[in-house]
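You will see two complexes here that share subunit A, one where it goes with subunit B and one where it goes with subunit C.
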Partner chain A sequence: MPEIINLSIIGVAIRMATPLLLSSLGGVVAYRAGILNVGMEGMMLAGAFSAVVFSMTFGSSTIGLIAAGLIGLLAAMLTGLIYNRYKGDVFVIGMAINIGALGLTNFLMRSIFGTVGAISGSDIIGFPKIEINAIKEFPVLRDVFTGNPILVYASWGLVLITFVFLNHTRVGLNLRAVGENPEAAAAAGLNNSWYRYLGIALSGISSGFAGAYLALGQLSMFTENMTAGRGFIALAIIIFGRGTAEGALLGSLLFGFAEAVAMQLQGASTVPPQFVLMIPYVLTVVALTIFGVGRSRRLST
Partner chain B sequence: MHNLAVSMTDICKSYGKFKANDHVSLHVRPGTIHCLVGENGAGKTTLMNILYGLIQKDYGEIKIFGQPANVKNPIDANGYGISMVHQHFKLVPSFTVLENVILGTSKTRGPLLDKQTLEPEILQLCNQFGLEIDLQKVTEDIPVGSQQRVEILKALYRGTEILILDEPTAVLTPQESEQLFITLEALAQSGTAIIFITHKLREVFRISSEITVMRGGRTVGTVFTKDVTDNHIVRMMIGKSISLSFDKKGFTERKVVLSLQKINLASSRSKPILENVSFEIAEGEILGIAGIEGNGQSELVEVISGAQKATSGKTILDGDDVSHFNVRERRNIGVVHIPEDRNKTGVNISASLLENMIANNYFMPDISSYGFISESKASSYTVQICNTYNVKSASVLAPISSLSGGNIQKAIVGRELSMPRRLLLASQPTRGVDIGSIEYIYSKLIEYRNNGLATLLVSSDLAEILTMSDRIAVIYEGKIVSILNAHETNEIELGFLMTGSKEN
Partner chain C sequence: MNNGLRLLISSLIPSVMAAAGAFLIALLFVVFVRQDPSVAFTALLNGGFVGTQNIANTLMKATPLILTGLAFTIASRAGVFNVGAEGQLYLGAFFSTITALSFSELPGLALIPISILVGAFVGAIWAVFPTYLKLRFNVNEIISTIMLNYVAILFTSYLVNHPFKAKDAQFPATEMIPDQAFLLRLLPPSRLNMGFLIAIALVILLWLLLFKTIWGYDFRHVGQAPYFSSYIGISLPKTMLSAMALSGAIAGIAGAIEVLGVHHRFLDNFSPGFGFTGIIVSLLGKANPIGDLVGGIFLGGLTQGALMMELNASIGRELVDVIKAVLFISLAAVEAYKPIIHLFSDRKVKAQDA
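Then we have the complex of A and B:
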């Protein structure tokens, strides 16, 4: 299949990896503060929907992006409130957000736009694509570094920012202490709730941005359940990457690549498309299994 | 400078009817090491938790350096210059020592961690007080003794003036303890007031200048260490207690039921939990295990019941080596067990009385057939236990949590003694039980003893040990330091042995 899988797959992989990277980076921060944000899928979906609606209404993709970030933040603060104040179970809150976002976006799509399945149209303004003419002659560079929305480049910068934040700032140190040993953090005089709010808020905003990228990054449309489990893959990436920024980058690229392969193989008639579409999800299970085995070995020694 | 660093007067704290602290007073001068001693449940930890803001007093007054203090939480306590080193350290395992020390402080400007600037100051503290720690090591990789030094260093870095240590030597080797004492002496020299909670009298006399003794939620008194002997302190700790007496049948010829041979149990920490424990229990004999809690009693019982495997050594029951038997196999040959924690391991607190009573025999033909539990058989079995052991419950199907502590305990005793039995392991059988139930449980234990049952009785209540036992083994730091005949010893002697003041 050399005519199907070629160098351009790298570019596709990077574009597929971007929403995963955005949401998992925020998720990593929440995870290190002690909260596994199960609601990322729903926050992403709500983000995608708001991005489309606001982009259409105001004719600006930037306003769409801001709206997506805010809706993610709103869902995150709800999660934080229930978890911190009312001692709710993060898993249950997260699932409620996921199911709620799916139902709400479908309902609003029908009641506002009167359509079923998708919102599309030329009045949805997508993100502008950054073109760098100087590298258009070089095959791999061209695929990777040009023709992407600015969020793709921003996500790479975020890897570095997250890394520095977690490992080299006072707030990052405190946040990790809260996540790893809340009693020790409290004994050191930290306000544990505050750091949990911070972690989950950053996760909500980044998941909202990831949703905006899905909706406005390539096709400028919203479709029913368009996240299609990416929030859960982001969860897997957080665990797979052991809660580090560099791990999130590696995991996102791996899963992005799997999605790119799946997309390209759909064109090949020899493989049934159902099997091809399974690739990223099978990879999730395999990656988590390998991680799990590795960890239980480490624990048993 | 005020002449008192801490002044706690008339402190009261009750939990329901139970008075954990009953008009307790404690006065600590700066620059001294003040030991707070007493048996388990004497109220020492409650008093310290009040001082550190972990719990709130009902009544009384606290003054810190002469100023009335209102300590609502540990953050307030830190504000008053009070730090506490808990038995369970409050450290983040994956952090380096340095990160743990600076956590929550802000001595540098800006959002970035400037470890280079902070390090010299911390190193200087280490040198000044003889704390040997590598600041770059990851905390979970260093030994327990070093982790404790990290806790002390944390307190020093925050400018502590009053340092509380809750049984700090419990997890240390003798060498590590000595190193700790040297650090504490240097700290006291520099003016810090140190409150040191311990059971070990040797340590009290090694480091303290004053001693406050507590018993049963009250202060017995405060004395200067140089004015007293360990004899005084033991008497103050133990006090007088009323003893019950029972008719114990004498046996002429008795077969050995349980024989432990050099049982060792290693731990992940440097100190083993059990070290070369050997003893025998014969038919119709109650062997009491006396010791301050946490010296290996719980683990000893687990090793004999089969819940935990010994690292080495043999468990012989009626002449057969059962070292490799699991709990069920041991139960089948007659090991019955009254666990120390009634609500955790004694019963399933969310199940019914009936379900709890058949927990150890539901699979036997008297209760079930073809894998189905017969409700009528289970019910009549439960009723029989309730009648024989005087358990009062509204119905056999009532949740066991609706019963009083005494009735739950009698139910457990009944459940265990209704099984085929050769050896009874009774851990704290009367803890938190009303007087009536205590007498009843005692009478049952004696009755079964007179019928030939071998019993291992573990209790932190010395009066109970002395009343019930035929022989008494004293356990200290995982070792049996002495085995005595119950009628040839007394609380004072046991108190010495239990606190490690005298070996053999």
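Then we have the complex of A and C:
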């Protein structure tokens, strides 16, 4: 048993938590504007795909990241348009985005790259990793602060920014007013559509970034349906984190840790891999059951 | 034009327009990947809807889609979103396989219905569980049913890779079920089978249930006005639970039919997202069982046609997933069709619509 749990698990947990944290932070803003963005899974997948394609084409992981954010934004604007203008159900639009992203990425993978299943190769430039030689001697510090892309630490900064935005800025407070009581907000002269667009846009960009991290953060490749439900887990994190930035951080770390344990179990034990892979999904349902009482509201009408 | 006809036409407009739009955008993608659209679409439509064997295969592929469409319809009519049909279908398929294998001495006339019913029962349980969590703990059913899909797929994958793997199989699959449990093939060599007729029977039954019984009236009432319903004495939890049980049972039957009619054994990861396509079918069919039948055959035809297109025009069958997605997104934009619908409806019909 001692080999199963060791300190390097902290580093793995942080890496696994990052995509969840990135997408749930944007999703928190959308949630507070009154929208549970069910399409984050698809936006993340589209982000991962474009990150790989653009990183490969332009030889730059930064361009890959920007492309991922833009594709997330594009899907988000489509969501916002259909929701605000054409009164679509947010759940239906989100599922459409998810199925669309899966279909499009598979179609383009086959048509452009002639491959089925995965795009990989040395011409996909991954995110550079931070290495600080001075702390390489110290176990926990080393695991946390070296060997990770900047995006990992940027996501921690985003927690703070999201917290301040939602609690201490005029735009953030207005956005929450729109989410909590749209009629009153409109009566007070706020443009509800505008705040909803803002919330959805941020969740789209952040999900795109989360996808870019998945694709370029560690292995520099794209595989079919590589998000594997992370967008939905991020939704669960938003709900049981009560729609707060700090809740998103805690929830993401919880899931990151669970995934890290699962990965170590997979390497080291006789437990069938299917049960290990099940852990995050079961944990999502359990977490929603324990923490979700009284908060899960269906926001679409 | 009389009012009934006007209403019918105006209710068909969104589906028809969405389908046209989806084809148009798919055409752009075909041009984008530098292929000839006329070759592609001829192959697609011929492959799906021309020739006895192609049509038979279309109906074979439509069968699970009609059923998952019905599953989504019946739950959404009662105001619950069952995104878990995929998992319910997997569990239904697996346990109906095990039933057929365990009682192999029974005659087909008993074994087939028993296997299908076990599939339905397991599917129902897997749908009732998240509904219970929703009612008791306020767990969002969209997320929980999606999570339970992964759990069901992984669980059946474990079962078929380890305890129930056939001895001589090169890939994860159970033993073949006994011959007498096979559903009759209607037009061999196509794998179209009696399952299609079962699907049609369920379409009719559910249409009757929804529109001609008090039970169905309760369903629709809860879906449209939950608070008012409980005020007039319809039990909200009871209605939601029974709608979801029915929905899960239908998804389970879809899985059972895939085993008994098509594969004759349980295969790991056998469903290419039937459960999710069912949502599109239901939206295309305007949450009406008869619409699900039409929508299921349409999407089944595209799936079948896509195989032919891949063979004859070297365009990946994934193009159909793009068509599906555009269809789905266009159908979500409910108000986009209002101006066109108004061209077909006079004031009186508009008042009824509102």
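Following the convention adopted for this analysis, the second predicted complex is superposed on the first by the 290 of 301 C-alpha atoms of A that agree within 3 Å, B and C clash if a C-alpha of one lies under 4 Å from a C-alpha of the other, contacts with A are read in each partner's own complex, and residues count from 1 in each chain.
Convention: a residue touches a chain if its C-beta (ideal position, glycine included) is under 8 Å from a C-beta of that chain, and two chains touch if they have at least 3 such contacts.
Keep in mind that what you see is a predicted model, and the values were worked out from it rather than measured.
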Checklist entry - Is this a clash or a fit when subunit B and subunit C both end up on subunit A? => result fit
Checklist entry - After the superposition on chain A, what angle is formed at the C-alpha centre of subunit A by the C-alpha centres of subunit B and subunit C, rounded to the nearest 10 degrees? => result 70
Checklist entry - After superposition on the shared chain, which partner residues are touched by A:L190: those of subunit B (first), subunit C (second), both, or neither? => result first
Next on the checklist: As a test of reading the superposition: which chain, subunit B or subunit C, is in touch with more residues of subunit A?
Outcome noted: C
Checklist entry - Does subunit B (first) or subunit C (second) touch A:I130, or do both, or does neither? => result neither
Next on the checklist: Per the contact definition in the header, classify A:I161: touching subunit B only (first), subunit C only (second), both, or neither.
Outcome noted: neither
Next on the checklist: Contacts for A:V271 in the overlay, against subunit B (first) and subunit C (second): which applies, first, second, both or neither?
Outcome noted: neither
Checklist entry - Regarding the shared-chain residue A:N181, is it in contact with subunit B (first), subunit C (second), both, or neither? => result first
Next on the checklist: Once both structures are overlaid on their shared chain, how near does any Cα of subunit B get to a Cα of subunit C? Whole angstrom is fine.
Outcome noted: 6
Next on the checklist: If I apply the document's touch criterion, which positions on subunit A are contacted by subunit B in one structure and by subunit C in the other?
Outcome noted: none
Item to check | Of subunit A, residues touching subunit B in the complex | outcome: 168-171, 173-174, 176-177, 180-181, 183-190
Checklist outcome for this item: Within their complex, subunit C touches subunit A through residues 29, 33, 81, 83, 130, 133, 137-140, 142-144, 146-148, 150-151, 154-155, 157-158, 161-162, 273, 276, 279-280, 283, 315-316, 318-322, 324-326, 328-329, 331-336
Next on the checklist: Taking the touch rule as given, give the residues of subunit B at its contact with subunit A in the complex, in rising order.
Outcome noted: 74-75, 78, 89-95, 99-100, 102-106, 111-113, 154
Next on the checklist: Show me the residue ranges of subunit A that touch subunit C in the complex, using the header's touch definition.
Outcome noted: 36, 38, 78, 82, 85-89, 91-93, 95-97, 99-104, 106-108, 110-112, 228-229, 232-233, 235-236, 239, 272, 274-275, 277-278, 281-282, 284-285, 288-289, 292-296, 298
